[in-house]
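Shared chain: subunit A. Partners: subunit B in the first complex, subunit C in the second.
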Partner chain A sequence: MAQLPRRIREFLGRIPLLAYLLGFLAATGIESILGKTLGLLIGLGGVPAFFGITDSLSRLVLDKGLGGVLLSLPSVFIYFVLALVYDVLIYILPVFIVAGLLSRPVRWFVSTLPEWLTGFIHMVTLFLSLWTWGGLVEYRLLVVMYIGVNIIMTTSLNLINGYMGEFSCGHAGFMAVGAYVSSVLTVWLFTQDDVFGAPVLRAGWSVILFPLILVVGGIAAAIMGLLVAFPSFKTRGDYLAIVTISVNFIIKSAIENIEKIGGPRGFMGMKGVLRTMESVLNVPWLLIWTFIGVLVTLVVIHNFVSSTKGKGVVAIREDEIAAELMSVNTRHTKILAFTISSFFAGIAGGLFAHVLGYINPGTFTIFKSTESLVMVYLGGMGSISGSVLSAGIFTLAMEALRPLEVWKKVLIWLLLILLMMFRREGIMGGKELTDFVSLERLGLRRPVKEVKGYAPAAD
Partner chain B sequence: MPLLQINHLTHFFGGLRAVHDFNLDLEKGELIGLIGPNGAGKTTIFNLITGAYRPTQGDIRFNGHNLIGLRPHQITAKGIGRTFQTIRLWNNLSVLDNIRIAQFAQIKYGVVDSILHTKRYREEEKEIEKRSLELLEVFNLRHLANEVVANLPYGQQREVEIVRALATKPRLLLLDEPAAGMNPGEIDALLKLIQWIRREFDLTIWIIEHQMRVIMGICERIKVIDFGETIAEGTPTEIQTNPRVLKAYLGEEGF
Partner chain C sequence: MTLAFFFQQLLNAVQLGSIYALIALGYTLVYGVLRLINFAHGDIFMAGAFIGYFVATLLVGVGIGWPWGFILTLLFSMILTALLGVGIERVAYRPLRTAPRLSVVVTALGVGLLLEHIALGAFGASRRNLPPLLPETWMQSVEINIMGEYLSFTWLKVLIIVISLLLMIILQVIVRRTKAGMAMRAISYDKFAVPLMGVPMDRIIAITFILGPSLAAAAGVMYATQYPVIEPYMGLLVGWQAFIAAVVGGIGDIRGAMVGGFILGFVQIFVVALGQFPALSFLSSTYRDLVAYALLLIILVVKPTGIFGVATRQKV
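After this line comes the complex of A and B, so read on.
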């Protein structure tokens, strides 16, 4: 009998990632057809947005004191159980059934393809499932894009705080630069605006130039990154942390004082940009670019830190003086690290501004920076997969726990305190997911054929 | 022309004169020693040569090039490798990574190559890895390549530090008290290793030592400093009988 769980585990472990992704895609397909009916049938009143967590919590009565809370608990519980039924029927069963059925064919299929194509197919499947899942409830799509933005923020900050071991607490400043630069450009170029007047370019350009404008925002942020990079030659640790905070404040105040872009009142019009883009071709542009932005960030930062050149960053963390004395050009390396990091914060800012449709300087204060910091530490310093996981979990939790109102924040920060007390190394503890499951096993890389008498070189 | 030429090197830490008027001509292929009691200024001299500090006065030429004002990594790239008195490896990295990073100056690819994994990047990285593993192989450390440095015993960390210094492709190797913390058996092995490295890598070597008897057997020439001043210079036998040296070491345990 004790054999059973192990055998199930082994079976599930053998299923390639792509089969799971296809399972999820199938589940989202099933949900878009049957979700609403099932939701009504079992008394959920429709499709639950986040697996029923938000909807159950919103049944809590918080404004009538402890009595109110206690009295509302049964209804929360009942809704939660019903949502669980829904989740099992809509997600869990289809995912595992489809994944199990497809396990063998997918494994075979993947083994016939070159690795880059396999990777591409994974990405497309993931994108499609996020799109169908998000397409069902608009709020979901928004959260999916927030997660994307936060993954970019967290991974890029991890380059500084995790890999290089400096303590930057002004990441939102760079995000602001990217957000404003790209928003001002898109609004000026593609929309009818009170300040900037008629669109400068024809609508068709918007879809082509949008990613380039994001990059321009990123470059502007990277240049601001130099404001931290140069002081970092002389200053380290706590003192550099103060520098990053100051830069965050300087950027925010600078924006507040530029009347032309709304000053403290903020800047809007990005929804119009989206409408222009959608008028050219009606696809989920922002989801696409957020998705691509996340991929590019992950690939760039991963490839950089695993190259010998990029490992200079880690050598600085471990012992800066030894690094410089052992041939690492530490200044050059710091400039690279800070510009790459702030570049991606700028990209995240550009995406964020267009997802939100409205930005103001108050969005990009040190509180926003702190949020990124929290995600870095939650995921684990120096772990890219940790950053991805924590950005996902943290953003989802922030949204799903919204009905708890103020208690949400208390709960989340309490969790953080517990984390710092009992698992300081974060979820991943400085490791990557691939340290636990090999790419071969996930079906992302072809298994190395074993030849007798030949030992593969150590990686 | 001497490989390393030091003229009138003087260094102050605030009011403290750590090195005073130090002079040296080091010929290619020599193996020399620098000894002196605690706080004599030995490590400071290495730090001045490698650019960790900028000297108050004096000049340092390596292979004819002026080193003053260069940043440490530039000096290392010119061919001066070193180890530290207290081990300064990158502790949370693998042995292999420690050796790889020390080849930083030899990288010719750019960041973009590293991000796009261009052919150039792959070839250079392959070469770096190959060379690192070969170096480790030579020192019988190959099987530890993927071990995190912090998990190695002290003696092996010392060896890895020497390998890391060699990975920078030095022509001059500066060893700061390499025998510190070793027992007599280990010291013997270390001295053999140093002589072997010198032949095998065609190196000029300069060793700092606290106790003279350690390097007696292998150095051709020894300089002695005390309170930043050079008090003696000569062959090991000359040094051993020099009254100023004896005086400086008076009270110090066995010399």
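After this line comes the complex of A and C, so read on.
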């Protein structure tokens, strides 16, 4: 195990990130041209949605008892092996061939550009590959956006649970506030609705105002975040956890009692908003905004925890009284941390509502909060790259295991318990990806030029 | 508000509150000894109700009726649920004895959700009714005349209150008068020095996990007799309310759990009851949870350790 980090480091450092991204883009391109033919040829009956995991599991017969499960295992296995062949041919071979071939040119290319442009090119490549990958099967696009929403949720919760060391388990409440506020605003402004009547603004505004409305939802959630922030001055640990749970329940219960926005029946009409936006310009608006939302969240939270204020947050985790003595304004810092965290939960909620097209108070219960918690602990507390990684893995696993129905949840909670027993620090163990492999090796930053008399730290 | 109406609601409140108190005691016992919020406790209550359901179905099928059917159901579900509780402690919590407290809390949350979804997978989401363990007449409402007003109640409610009070008294005796109880109190006082005095920590913790879940199982069986609904999510609904009760009273304090249970029962029943008056008609039953949680929030802000809780002083 001790060798593992070094191995990963060497492996990741060999080829720049952009080459992998281009490889993935090439793979998705090949899939969109050849995928269906290959799928039919092998006998998969089309393009498998999630690398064949979902499709093979859906062959499992669950409703005929244990015998049914055992009898259906061979067909699951055969399908899985076939899907594996497909995955190797479509994804793994192209990714590694293209990445290997492009490794040197990309490294040279990246070193000639300014860093902001390099970052931008990475983002565009990632976006394009996600778009082509998701464009092939509609369901994939949905899952990609779920992953985005979950990344925002996990990273923002990590600020409280990981960096500040508090135990917040009511994050879904803030998500609910953001979801409802932004959905009500967009539906009121841009669509014909039974409750709110004709659209208030012309369709063209929807494209411009959509991100602003998301921000308004985030601000509303941040204000609710104060409900937790103020008690946190006096209360810590278990009792603050209870405060967060009760805030979650209060928000859910309050929404249930507002008849105008559907009460317990829920609220819909966000699909209409999307149609309005697409009538102006037909691009995948939600994918774009989810992508941008994730980027902004990551940048803001990363910069916040690296700033002086953010160091104060970590100081509170280590020892609140000592932090206070070292001139950290703990009250101010706590308010800031809670509002930032719930602001992004609100943004995630707004995106989630528009991706799903329908929300109801039952979506934002303690279950949802616990899911975010699982993702934070899976990725590792106090690690942003861990959060991103675990949100991706967890969301994909949730969707891929969907055919298992209820037992999927059993597996997930079992995983959480086992995780706590055997690897408490999560996947990344409080480290960032850049602790294993430097930005220079990834090709995200230009290599430091050797200056005479100065030895750059070995990566 | 007329007197009869008041007494009727009072009876309802005491009955609901005693069930809350029984579950809250489980939260508080474990917290007192382990300093762990056992989030799985609500689902242990659910498991108790399910075990009660299976035992009762078996007994009624064999032909054992009132009163032995009821007593045996109560007894067996308490024993089996206690075994479940001890098992959970042994498998999930004991390996984490030295881990940071947060990990244990997360584990507890996970165990609760695991139980819930195992029940959902194994028994389905459909609601089940407990087979009739009590004679019909116990379920029917009886009316007595108080100053021209009729007060209606069922003997079942009285039975629930009596059994709950009995169990609470037994618990008090165990905690106050036995050696094991003394050890429990000692451990909650000082976790590090007491094992050095020769007190077997593991055994005392196991006893705690016998007491809490068996009380929860009793509450589960009685809840299922009063409200004939057994489903995997009942732990989520009732368990969390009981948890609030424990916190309101001051988690870790046994009197607190009882008082908190009754307070919450009163608040919830009277929020609904007051809604029957025209002037307060905005208080519909859907506000029950909202008021309960708002109460919790206010208590935590004003007195963060609950009514009976002692403020923990931080050493500088």
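Everything that follows uses one rule, which is that the second predicted complex is superposed on the first by the 441 of 459 C-alpha atoms of A that agree within 3 Å, B and C clash if a C-alpha of one lies under 4 Å from a C-alpha of the other, contacts with A are read in each partner's own complex, and residues count from 1 in each chain.
Here is the rule we go by: a residue touches a chain if its C-beta (ideal position, glycine included) is under 8 Å from a C-beta of that chain, and two chains touch if they have at least 3 such contacts.
Here the structure is a predicted model, which is why all the values come from computation and not from measurement.
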Just from the overlay, do subunit B and subunit C fit on subunit A, or is there a clash? fit
Who wins on subunit A residues touched, subunit B or subunit C? C
Between subunit B (first) and subunit C (second), which does A:Y139 come into contact with in this model arrangement: first, second, both, or neither? neither
First (subunit B), second (subunit C), both or neither touched by A:A323: first
Would you sort A:L336 into first (subunit B), second (subunit C), both or neither based on which partner it touches? first
Could you tell me if A:K311 is touching subunit B, subunit C, both of them or neither one (first, second, both, neither)? first
Geometry row: CA centre of subunit A as apex, subunit B and subunit C as ends, angle in degrees (steps of 10) is 70
Touching A:V299 in the superposition: subunit B (first), subunit C (second), both, neither? first
Once superposed, minimum distance in angstrom between C-alpha atoms of subunit B and those of subunit C? 8
Subunit A residues contacting subunit B in one complex and subunit C in the other 321
Residue numbers on subunit C that touch subunit A, as the complex places them: 37, 92, 95-96, 99-107, 109-111, 113-114, 117-118, 120-121, 236, 240, 243-244, 247, 251, 284, 286-287, 289-290, 293-294, 296-297, 300-301, 304-305, 314, 316
Listed in rising order, subunit B residues that touch subunit A in their complex are 50-52, 71-73, 76-77, 82, 84, 88-93, 97, 100-105, 107, 109, 111, 114-117, 121, 125, 128, 145-146, 164-165, 168
Subunit B contact footprint on subunit A (complex, rising order): 299-300, 303-304, 307-312, 314-315, 318-319, 321-331, 336, 340, 458-459
Would you mind writing out the residues of subunit A in touch with subunit C in their complex? 167, 169, 227, 230-231, 234-235, 237-239, 241-243, 245-247, 249-250, 253-254, 256-257, 264, 321, 366-367, 370, 373-374, 377, 405-407, 409-410, 413-414, 416-417, 420-421, 424
